[in-house]
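You will see subunit A twice below: alongside subunit B first, and alongside subunit C after that.
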Partner chain A sequence: MLDLVQNTLDGIAAGSAYALLAIGFTLIFGVMRRLNIAFGPSIMVGIFLGAWVHVQWSAGLIEAALATFIGALLASIYIERLSFAAIRGDAALASMASSFALWMQLEQGVSLAFPGRTTAFPTLPPLPDIQIAGLFLGGDDLLVLLSAGLVLLVLHRLIYHSHFGLEMRALADSAEAAAVSRININRVAFLTFCLAALVGAVAGLLIAATDGQITPKFGLWATMKGLIAMMIGGLGSLRGALLGGLVLGIVEAQAQWYLGAAAREIVVYGLLFLCLIVLPGGIAGVRDTGAERKL
Partner chain B sequence: MGAALEITDLTLRFGGVLALDAVDLSVASNTVMGVAGPIGSGKSSLINVLTGHYPAQGSVCFQGRPIAHLTPPERARLGIVRTFQTPRVYRRMSILENMRAALHATRHLFQGPSARRREDAHLRDGLAVFGLDHVAHELPDRLTQFELRLLEMARAHVTGARLLLLDEPAAGATSEEARQLSRAMTEHLIPGRTVVLVEHRIDLLRALCTDLVVLQAGRKIGFGTPDSVLARPDIRACLMGDPVDA
Partner chain C sequence: MLEVKGLTVTWRGESVIDDASFSVQPGEIVVLTGANGSGKSSLIRAVIGLTPVKRGRVLWHGREVTKQPFHKRDGMALVPEGRQLAPTLTVEETLLLSAGRGGAKKRHADLQNTLHRFPILAARLGQPAGTLSGGEAQMLSLARALVGRPRLIVLDEPTLGLSPAAAKDAFSMMNGLRDDGIGLLLTDQDSRAALALADRAFVLEDRRLRPITPTDHKTSKQEPTACSA
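Up next is the complex of A and B:
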């Protein structure tokens, strides 16, 4: 029983980072109704810029974090201009396919620039581990949880209490209605892309700093985790993305503990398969009957 | 009174079909221009050209300024606001939030509590004009098609629209509802605004319009005061085919 609770705790820490990735995907998908599969790779570019600053000038975590945000933002803007702004709104497949091309381009570019298998990334500041009633929460995990929580709070405030958030939700709700209002759709879409990049960069930063090293495959990894979490939670729903991320983290942790690392991925894809069949709208899609909280 | 809207030689083609055929129209400031005509005569096309959704040939000036090159949101920010026969509302946002999204009153990212309260009061006043105040916090799902059109008009009202383009606001309304709508428009919506009213109901056109233009196959076939235009036998014959007639 203690194991189960401990695994859940570990899973929530990992899942909070997945949730941020899923939220990044959801912001873009919700507002544009188009999938940016180069989202993970754009974060990868960010953390490599952070790692470069670290390796080149032995910069600390703060400088690396700033570089990560800038890198992810620039890569995202590049993707937005080429695959989304340049392709008309009704050609969702063309956007997805061209974002795949940019994914390959970014991954190859980074692989050429950083030929080693892994690159060092500054680690998180040491925080004391916490032990209560036989349960253990590592200092790193605590920091990840707190940072993700903070990002979620800021995001919530922005989306539900700011004018930009209102415009974003309006566009996600009905592009047709927004098109005849004063809302500048292109501007909102662009800013949403930037916001998603920053949220994703926080997730990338937390994961890279926890591991202390990164590889160009991070892009693939982040896209897969974010997509799976988003699909489990429910496409286009922010609450679903949060839930999906946490569920993914917890299921991974339990599967790893009880069935071993090899079975972990099988269980995760099994869960996704089950979700798509039993709850095609995702966890939040079914319970959420269209209340205003659906981004 | 100067012209708020000056349309010259407006032509819109869909392939080989002429939706608007060299239409000239001048709408004086703070008057209501009724637009009547059989289905497919170009009434809605005219609105779509004015909002910038259909690219047409010819010139359109709003308050003396050419606007043909402006995008739809740019025109919306000038105060050109339209409603739809099939209303376009945000279905997952409350009715009050629908109003707020249209208002977009401030450039600030966040709003202080007192500014928020003032804005809410303003929005609720707008809803009250159209009898929707009591459902402010509900989703638009519970409204009828006619009420959704009222919501669109309430939205236009609070944005301080200067040119209102109304596309059959009374379609599907009962006579009582149409009377209420007519009253709300006369007392609140129309004063201080220039309105283009596309409508099939002759009683409403007579009651609300300063001038009336009749379109047929994209061409202007009649223009003048509603009484003078509707007195012409050829116009009456043209409009007879409409579902609702006087």
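Up next is the complex of A and C:
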């Protein structure tokens, strides 16, 4: 029983970072109704810029974090301009295919720029580990949890208590209603893309700083984790993204403990398959009717 | 106030409106009539900047706005066909979204001013727009247009789907808006009632806009079959 609870605790810590990745995907999908599969690679570009600043000038975590945010933001703007703004709103498939092309381009570009594959990244500041009633929570995990929680609070405040958030929700609800309300749809979509990039950069930063290193495969990894968490939670729902991330983290931790690392991915994809069959709207129960969508 | 000169609108390469010209002055109701599918909505969307114009000009207070998108046209508002409300936003959020620019304080002041005209909406501020009745939703659509303090409101089939009593209220409110100095450009399936309000009227036939006399048109035997639902 203690193992089960401990695994759940570990899973929540990992899942909070997955939730941020899923929220990044969800912001873009919820508002634009288009999938940016280059989201993970855009974060990877940011992290590599942070790693480069660290390696080049022995910069600490704060400087590396700043570089990560700037890099992820620039890469996201590049993707948004080429794969979304330049492609008609109703051509969702073209946007997705275009973002896949940019994914390959960004990954190859980073591989060429960092031929050593694995690059060092500054680690998180040491926090004391916590042990209560036989349960253990590492200092790193605690920091990841607290940081993810803070980002979620800020995001909630922005989306549900600001005029920009209202514009985002209106656009997610109905593009026609947003246009009639005299919202500048292109501006809101662009800013949402930037917001998603920053949320994703926080997730990437926490993961890279926990591991102390980064490889160009991070883009693929982040895209897969974020997409799976979003689909488990419910496409286009922020609450679903949060739940999906946490469930993914917990299931991974339990599967790894009880079945071994090799079986972990089999269980995760099995869960995804099960969700798509039994709960096609995800845990949050998003109904894909157009009239019932809610960010 | 609004001047439309020689407007041509195309849809998928086909011309739907040819060389349309008209104007709307402050405190004036201009009615566009025509059979279903004659292109009234296309014309309205082009005039207001929601769809591109092929040829011609739209002037707003003497300033060229033909290529300016709707969100940049201060003083214009639209009550679209089918209401087009965001179903999960509450009544309050819907109105705040369209309230004039200038910060939260001003937006809330505009909201309060608008709610005086719509006591039913004031009692449903926290209710999602998607759960309102047809009449209430239409009222919200009208309130959304008014909350930004427009000088011109374009109304596309505002009484479609309303009960006779609710439609009468809507026409009465439009009359009141004219008295407030707001210009209205109106299309409505109940062309008799719309033309009864009109200061000037136009009929859209064969892609061409032709002026008609509202009173003459009201007595036309052909009109109800062509325009009434």
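Worth a mention:
The criterion applied here is as follows: the second predicted complex is superposed on the first by the 286 of 295 C-alpha atoms of A that agree within 3 Å, B and C clash if a C-alpha of one lies under 4 Å from a C-alpha of the other, contacts with A are read in each partner's own complex, and residues count from 1 in each chain.
Quick note on the criterion: contacts are C-beta pairs under 8 Å (C-beta built on N, C-alpha and C of every residue); 3 or more make two chains touch, one makes a residue touch a chain.
Computed from a predicted model, the values in this text were never measured in an experiment.
Superposition of the two complexes onto subunit A shows a clash between subunit B and subunit C. In the superposed model, A:Ile183 makes contact with both subunit B and subunit C.
Contacts of A:Glu167 after superposition on the shared chain: both subunit B and subunit C are touched.
When both complexes are overlaid on chain A, the residue A:Ile214 reaches neither subunit B nor subunit C. In the superposed pair of complexes, A:Leu246 makes contact with neither subunit B nor subunit C. Common to the subunit B and subunit C interfaces on subunit A are residues 163, 166-167, 169-170, 173-174, 176-185, 291-292, 294. Chain contact summary for the complex, subunit B toward subunit A: residues 51, 53, 72-73, 76-77, 82, 84, 88-94, 97, 100-102, 104, 106-111, 139, 141, 159. The part of subunit A that touches subunit C in the complex is made up of residues 163, 166-167, 169-170, 173-174, 176-185, 291-294. Every residue of subunit C that touches subunit A in the complex is listed here, in rising order: 50, 69-73, 77-78, 80, 84-89, 93-94, 96-98, 104, 107, 130, 144, 148.
Looking at the complex, you find that subunit A touches subunit B at residues 161-164, 166-167, 169-170, 173-174, 176-185, 290-292, 294.
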